[in-house]
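The block underneath contains the structure these notes are about, expressed in structure tokens.
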């Protein structure tokens, strides 16, 4: 069952209507969007603001491992890291979620116990999305059955780029349905794979398409190709969720994933959230960072603020 | 829901060594003025006195012009372009090396945010000197004949809104072409010009090639009217520009003027709206609106006016006004109490004319000269605030129905410095650009400057161009 | 003090921003104008030339895509570093060309100033050779110069620095990348120039310098299908055959100059425009 806002129900009535709507959204000027993102990157976040941002960023991380060579051992280690990122400093917050392939959800669920850290599973033939609908839905169902709190699906970029918007829409609707109903259902993040969409106009259109189809979160990338989550792409998506809430009353979250390696990157993302979408999005409920290595850099910066000394990799666990 | 408060992020003042008093820079050295007059320059954000600066009288102008003439005749006009160019390259490099110091000093003296002086003003200063350094040995390729000659001694009077950048726009092409200069910075912003004089010394520039005579209106007038001057270049108000044009009438002096404006920033219904909003903000609130080419008249297509105004107001409410030395400040101080008074007066006129005034909630500091970003809607061509240059962070919003109407309204002004066009349609950009009577047309961008890009006005916004190959013409005998 | 033994430099190839020896392992003897031994620079092979073209091609998108201002900054920096190496250049030029120290100083100074001249062209050439064109219709029509691509350069044989600079700088100022065959008998200043380039923010692969026998490398460069232009300045009698080989993919060819040219004359724009393409664009003007 889809939940489109009453006023926009017509636009998804047909492929032609959806196309007209998406192509009727204002265009994005590439140079202007990139200039705005670059300007916001000059914000100087120091002292108390930096401490706040570091802790918030840690709490927003979806700590991720999505490798062919993932094992039970690897996932368990990552879960321990996610719960207690810095064994030497118990004031360090936990991350938001652990993100794994659907067949390792069970392992993660068990390892995370009652810690409050959630389990997100990638599904729908991640990362390419090239498989039959039956396979993609089965993938989703497996993850949900294993207890995933969140499903990170990929859209069919081939369908999108060839203009079959209604097909992309229908797929999302079906995956959303497979996430379950009611308060305990899995939350759906929709990965646009912005690196393949290539233009900001496409990113805006895909964002709206995903939100109309019921996405709880729109996510930039699989992290498997470059470019992934660049600041201007995240900016365009933050504008989209802001405008969508204004149009429909429904708030959707944003998750940049891939390419966020340093604390500076993470903090710049928070500045974007703050100044583009607004403070309502400044929480792990509405903004996540898909990353792995950035966590240790955040911990290093945290240590520097606490001790006044620059730290080194020996003082932080690798997982 | 959390609030992300940006902690203070002050740039350090320590990089600048302020002297308590400055002399005039004549013939390669700092000297006291002949009659010892002085005035103070103030930090407009705090009203703190920064330094005492010499006020050049007639005798000082005389000395400076003589020094410039000597340097021209004996040294500079004889020097091959290749060597002149290398002096300008040195100056460009030293500007880059001392960029932090220059940016801080500019912010202290002018009131503009450090983010702007650091990221816009000073890099453009260096770029301007680099660009014209490269012309010095290529004048024969500039399209002015095989061996174009310089004019001689140039009198250059510049405004307070981009002090060092306006200095660069004047001095770089003048020197590249083989002229020597006497430059008078604005009375409220002399300090970066005086630091520039030190840079000339560090570059071993021959004495007398650049002379800096500080002072106010009278000093500028004396300089412009001096018989020993071959060329006058002025950037400032249209009113003073007209006085100068009268003063040089019948003389041999070549003159170029870069004056005021009341630019139309035109937003069509198919504009990339979010970037257009950024462009509107950049167009009128960048540098506190102290920009001759500011987009002070927003002409928005009626069909998207509501949406644009909603987004614009939301965006303006997110602007951070405050201490210009804080790296997160977007809007700094108004340059002087006199200017603040002018802005206030015209804003009151706007209200009395029946336009609707709006400003975001804004805490203004107790000391210093401050004006909150202000938007007037319901403005029409017949309002004074749609015709007169306010030179502050005040936007007048008018609507239009068709491209032709937008064009007519945009052109319906004695000014003609710049214009903005926001639309997704290429042919419309080019049609508007073709028909707009403005020296600079920005399409889907605004307030963009580059030393390779000629800048200047139509009609009462002045004549002559600065930047690029075109910018050499003003300083050559052609 | 006079008993101190100097540490002699090794003269290697400059390809892709690094200094490899020839893949052939060969070197050859270079002497000063009196026949005294100077060094054993690498004797480059056709495979080195092939590798250099690959490096130049890889560097082309970044270099041609940089702003003209950025290229100008980089090239000006090259001049700064050349100035710092003035003494070394003077010694090498004097030894190679058999000129007095004073004459060598003049040549080196002129080479540096010429490099500065070309550095200043990057952001101006479009204004001089580009245009907006008044076509008879409601169109905006403009022409802009764009770099050709990878350009091979056979440097002058007898002007070891000034001639070299005069053929290399104009190629890269406009955004092309270069594969340069240095003078066979006077290659050492070219190697020192490559050291200057390597320490001046010039991205690897923008300029590649090969030392050795032009007759060995030039035919491979002239017939290379991924090379878009060739300057035959120093190719002497081989030039005709090279020009014929270049016709296979219609390379833009600059024919050789007089071998006795001392390169002191002020150049015009011809070396800048030789390896530029003019792109003309039309767009309607209307509501």
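To keep things simple, chains are lettered A, B and C as they appear, and every chain counts its residues starting from 1.
One rule holds for everything that comes next: contacts are C-beta pairs under 8 Å (C-beta built on N, C-alpha and C of every residue); 3 or more make two chains touch, one makes a residue touch a chain.
Please read these numbers as outputs of a predicted model, since none were measured by experiment.
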Middle chain, criterion being Cα centroid separation: B
Identity of the chain that, by mean CA position, is farthest from subunit A: C
Rounded Å distance, subunit B centre to subunit C centre (Cα mean): 41
Centre distance in Å when subunit A and subunit B are each reduced to the mean of their C-alpha atoms: 44
CA centroid of subunit A to CA centroid of subunit C, Å: 49
Where subunit B touches two or more other chains, by residue: none
Subunit C partner contacts - residues on subunit B that touch it in the complex: 82, 85-86, 89, 127, 130-131, 133-135, 137-138, 141-143, 403-404, 426-428, 430-431, 434, 451-452, 468-469
Of all residues in subunit C, those that touch subunit B in their complex: 68-69, 72-73, 76, 113, 116-117, 119-124, 127-128, 140, 269, 283-287
Subunit B residues touching subunit A - in the complex, by the definition given at the top: 1-9, 115, 119, 270-275, 278-279, 318, 327-328, 424, 444-445
Residues on subunit A engaged by subunit B in the complex (per definition of touch): 26-29, 31-33, 35-36, 42-50, 52-53, 56, 239, 270-271, 274-275, 279-280, 282-283
